[in-house]
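The following pair of complexes shares a single chain, chain A, combined with chain B in the former and chain C in the latter.
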Partner chain A sequence: MSASGAARWTTPLAMFVREYYRTTLNVVLLVAIPALVIFAVGDAIGRISRIFATGLTTAMAESMGALWAAAFLTGMIGFFMITGARAADRRLLGAGYRPVQLVALRFIVIALFGGLATLASYLLLLTRLSPTDPVQMLAVMYLAALLYGALGVLIGSLVPGELEGSFALLFFFVMDAFIASPLFGEAGGFPLNLLPTFYPTKVLLSVTAAQPHDPVHWWYIAAYALSVSALAGAAFYRAARAR
Partner chain B sequence: MSPRSDGTPVTGTSGTGTARLTAAHVAKTYRTYGLWPLVRSVPVLQDASLEVGAGETVALVGGNGSGKSTLMMIIAGTLGRDAGDVRVDGRIGYCPQTPVLYEKLTVAETFRLFGVAYGLDADAVAARKAELQGTLAFGQYDDFRVEHLSGGTRQKLNLALALLPDPEVLLLDEPYAGFDYETYLRFWEMSRELADRGRSILIVSHFVEDPERFDRIYRVADGRCERER
Partner chain C sequence: MSVGVAPLVTVTTMGLRQHLRNTLFAALLVVLPIAFILLSFARTPDVPYAVTATVGGVEAPIPVGMRNLHGAIMVPMTVSFLAGILGLFVMIVSREGDRRLLRAGLPAWTLLTSRLAVIAAFSTAITAISVAATLPGFVPEQLLLFSVVNLIAALQYAFLGAAVGLFLSPMSGTYLMFFAPMIDIGLLQNPMFPRDEVAWWVQALPGYWPTEVLVDASFTPDFDRPDALLAALSYLAVVALVGLLAFRRAIVGQR
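Here is the complex of A and B:
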């Protein structure tokens, strides 16, 4: 008697989801981080940008905060999911799971919680503004979240220590978010456009301001997310196999 | 069975017949990655060989850091080797030295997850779970999360997961660490029954208190694995 093909997907998915929500701090952060970033950071950036006349409105800063919150939360979810279950995942592989299947399962769970982080950030943002194009706003926020989820997996697979890895992710995020944002002027082009949130921020700000944007930016974002996901998948696969 | 790296098959005989598990000339050096002069190499195994036949219970002993757990991880396939060959005829059940479990899952969920990983259906998992929990006496913890279990109960679950698919070859690294004396005796009773059913059991231990329980004893020292008894 053997387990059905469906059970080999649904059972670990259900277990990985439980693992996440049974960590109370994860659930608290799902609301606390978007609230903090949108209301506090967004408001502060809005005031600073008025002083320096960057053209960034408070609404833009708050929507940027929502994107950052969704991205950062999903990055942390990806990172801690990989580092926290590294040994147990390896045992699961020894019991019969293929590394490719485990990689796919972990990505599905991250995509799921990335969706929740995006939704939580978006709902909190709605208390501050009424987006003219909610679909595009949600889509760009979700893509940024997925991108950071993959980055979390990548760092979690490459850096052995939780402390070093979480510090690396945080440092990278802070640099990316501030340098890629238009807070410091209308910067653009190489190498700033290589930062993960560069194009998502561009699209998001255009959508918030109801301004047109170049549709090719969506392709850049998708290509970036796919590339980082492929790298992260390869790194996780390599780390999950026998050392 | 996997062939030797040069393509020739490894054959050997244990004390009771054809070997079910053979590790031949295994070598392993741990390397830390970094910039010179921080890179370090620690040779652990140089030429370690052992065999376990069907129905045998074999001990692998040695001091701290001698490499016995390393050898077991290599046999289990969770650690790569630098040289040598490992052949295992049948399914492996591996019980790591430290319980490796998902902390937030309950005991019942852990059985279900690993049961699916082993390819068992729900009925088979339930039957084996009841049997193992009865033998190791931890059926009352079904709804407890792993993070809330005592050290001894975690170890019981750790061992039970290795036994879940009723594998032909059991690799048990300090399996009774943390057990009370009653569970320790029950463990040996169960091991005897498994060996009688033709299962091959390799047990890592710092020292052997009851040598008569083993068919053979190997000692790991200086990177080699010598038959002691």
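Here is the complex of A and C:
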């Protein structure tokens, strides 16, 4: 790739990243939200689960908090990146970028921020526990973050307004974290197993407890992430072409 | 300061219409509280549990059952974060338009009152739907008080959301208005945890006094906590004042 060819990718990427960290509070929240969720919610869920006798330890609750924080942050970043990007996308299309390049650029940025959110959550989690399998733990947290990132892009591409789009994204998050949560016992079967972090949570809890898990769950997670990403890519491509 | 009723009604009606025209928004406003509350009941194990409440001026443990307790606390949690995010976006969406309306001569007081009226109307709708969704699973002992205190919780967070929406970006605001009620009402004030020695800073949060009234309204037949209701209403008045001052600073000061 020539220098100018590389610049056609790096310039908009740098622009998208700057859009995020120009707002200092966004950067603060990237650390503050995982800290709140892991320490406060993790502790509370650990206490509630003793009442329900679900066998969920505080360490498991805290690792779930880390996964939710990474996933939710990335989902919000994906959603607001798409809803707030219309003017920038129009300029890029005007400068000769093709819609498919825009889709690729936006997904690269979401993968990058998903990595940052996962890393922030994981490093905070390390202050509370020592995972026996850090690679699998990081991998499943990152996949959950990517999954929510793609969900954010999908909702942002299909729903025009930020208010109803936020409500739609929060619907998935509340369902995942509060309704299908292992807090109230094993959430098996249809339709709760269709929620985005159902299988990531299953794998994560097993990894945290150093227990074996069914390897097929990784395939479910990968298939889910690919399907949502394909839908999100198609929806954003369609929206970008219309811009 | 002149306050005309006709412009107030017009701007309020326009604000309500602007959001209600959006079918998806209207549908989510109805579906989300129903889904969250009904599914919470369905998923909570019906294990015995007791909360401490005031009965005839004396604090005593009352057996309530975990399902009823979770159903009761899910209502203020749901209404608070939905109303908070709604308040946030009502202000974000109308920020620029409001500056133009002020420049065109609409009194600031009329504009602010109409925005708060829109937020209050939607908060009332969210609360009514949420309370109605609770009834098939759990009927509070004092239904009217239960509804009122949930409305207070919704309005507190809605006005806080409105104040936040005047200054923050949509993303930062959404993070705050989702996590603040979840942590406050869903975690720190949650009667599932012992509430004998509540730290001063937890008592200073918006959810403290409404939750105190909520326990009384849900599980005792008589109203024993007028002090808590008065404190919750006073808190609401302070939050509304904060919203007003924020509006003056963000919109009126920069028109």
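As a working rule, the second predicted complex is superposed on the first by the 239 of 243 C-alpha atoms of A that agree within 3 Å, B and C clash if a C-alpha of one lies under 4 Å from a C-alpha of the other, contacts with A are read in each partner's own complex, and residues count from 1 in each chain.
The rule is simple: a residue touches a chain if its C-beta (ideal position, glycine included) is under 8 Å from a C-beta of that chain, and two chains touch if they have at least 3 such contacts.
Keep in mind the model is a prediction, meaning the values are calculated, not measured.
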| item | value |
| --- | --- |
| Partner chain(s) touched by A:8 [first = chain B, second = chain C, both, neither] | first |
| Greater residue coverage of chain A in the superposed arrangement, chain B or chain C | C |
| Which of chain B and chain C A:51 touches, first, second, both or neither | second |
| Partner chain in contact with A:168 - chain B first, chain C second, else both or neither | second |
| First (chain B), second (chain C), both or neither touched by A:25 | second |
| Which of chain B and chain C A:40 touches, first, second, both or neither | second |
| Touching partner for A:159 - first (chain B), second (chain C), both, neither | second |
| Chain B versus chain C as contact partner of A:213, first or second or both or neither | neither |
| Where chain A meets both chain C and chain B, residue numbers | 23 |
| Chain A-facing residues of chain B, complex | 76-80, 92, 94, 96, 100-105, 109, 112-124, 145, 161, 165 |
| Contact set on chain A toward chain B in their complex | 1-4, 7-8, 11-12, 15, 18-19, 22-23, 85, 87-88, 90-92, 94-97, 242-243 |
| For the chain C and chain A complex, residues of the former touching the latter | 19, 22, 24-25, 28-29, 32, 35-36, 39-40, 43-45, 47, 49, 66, 81-82, 85-86, 89, 92-93, 168-172, 174-176, 178-179, 182-183, 187-188, 190, 192-193 |
| Touching residues (chain side chain A, partner chain C) in the complex | 23, 25-26, 29, 33, 36-37, 40-41, 44, 47-48, 51-52, 73, 76-77, 80, 83-84, 159, 161-164, 166-168, 170-171, 173-175, 178-180, 184-185, 187 |
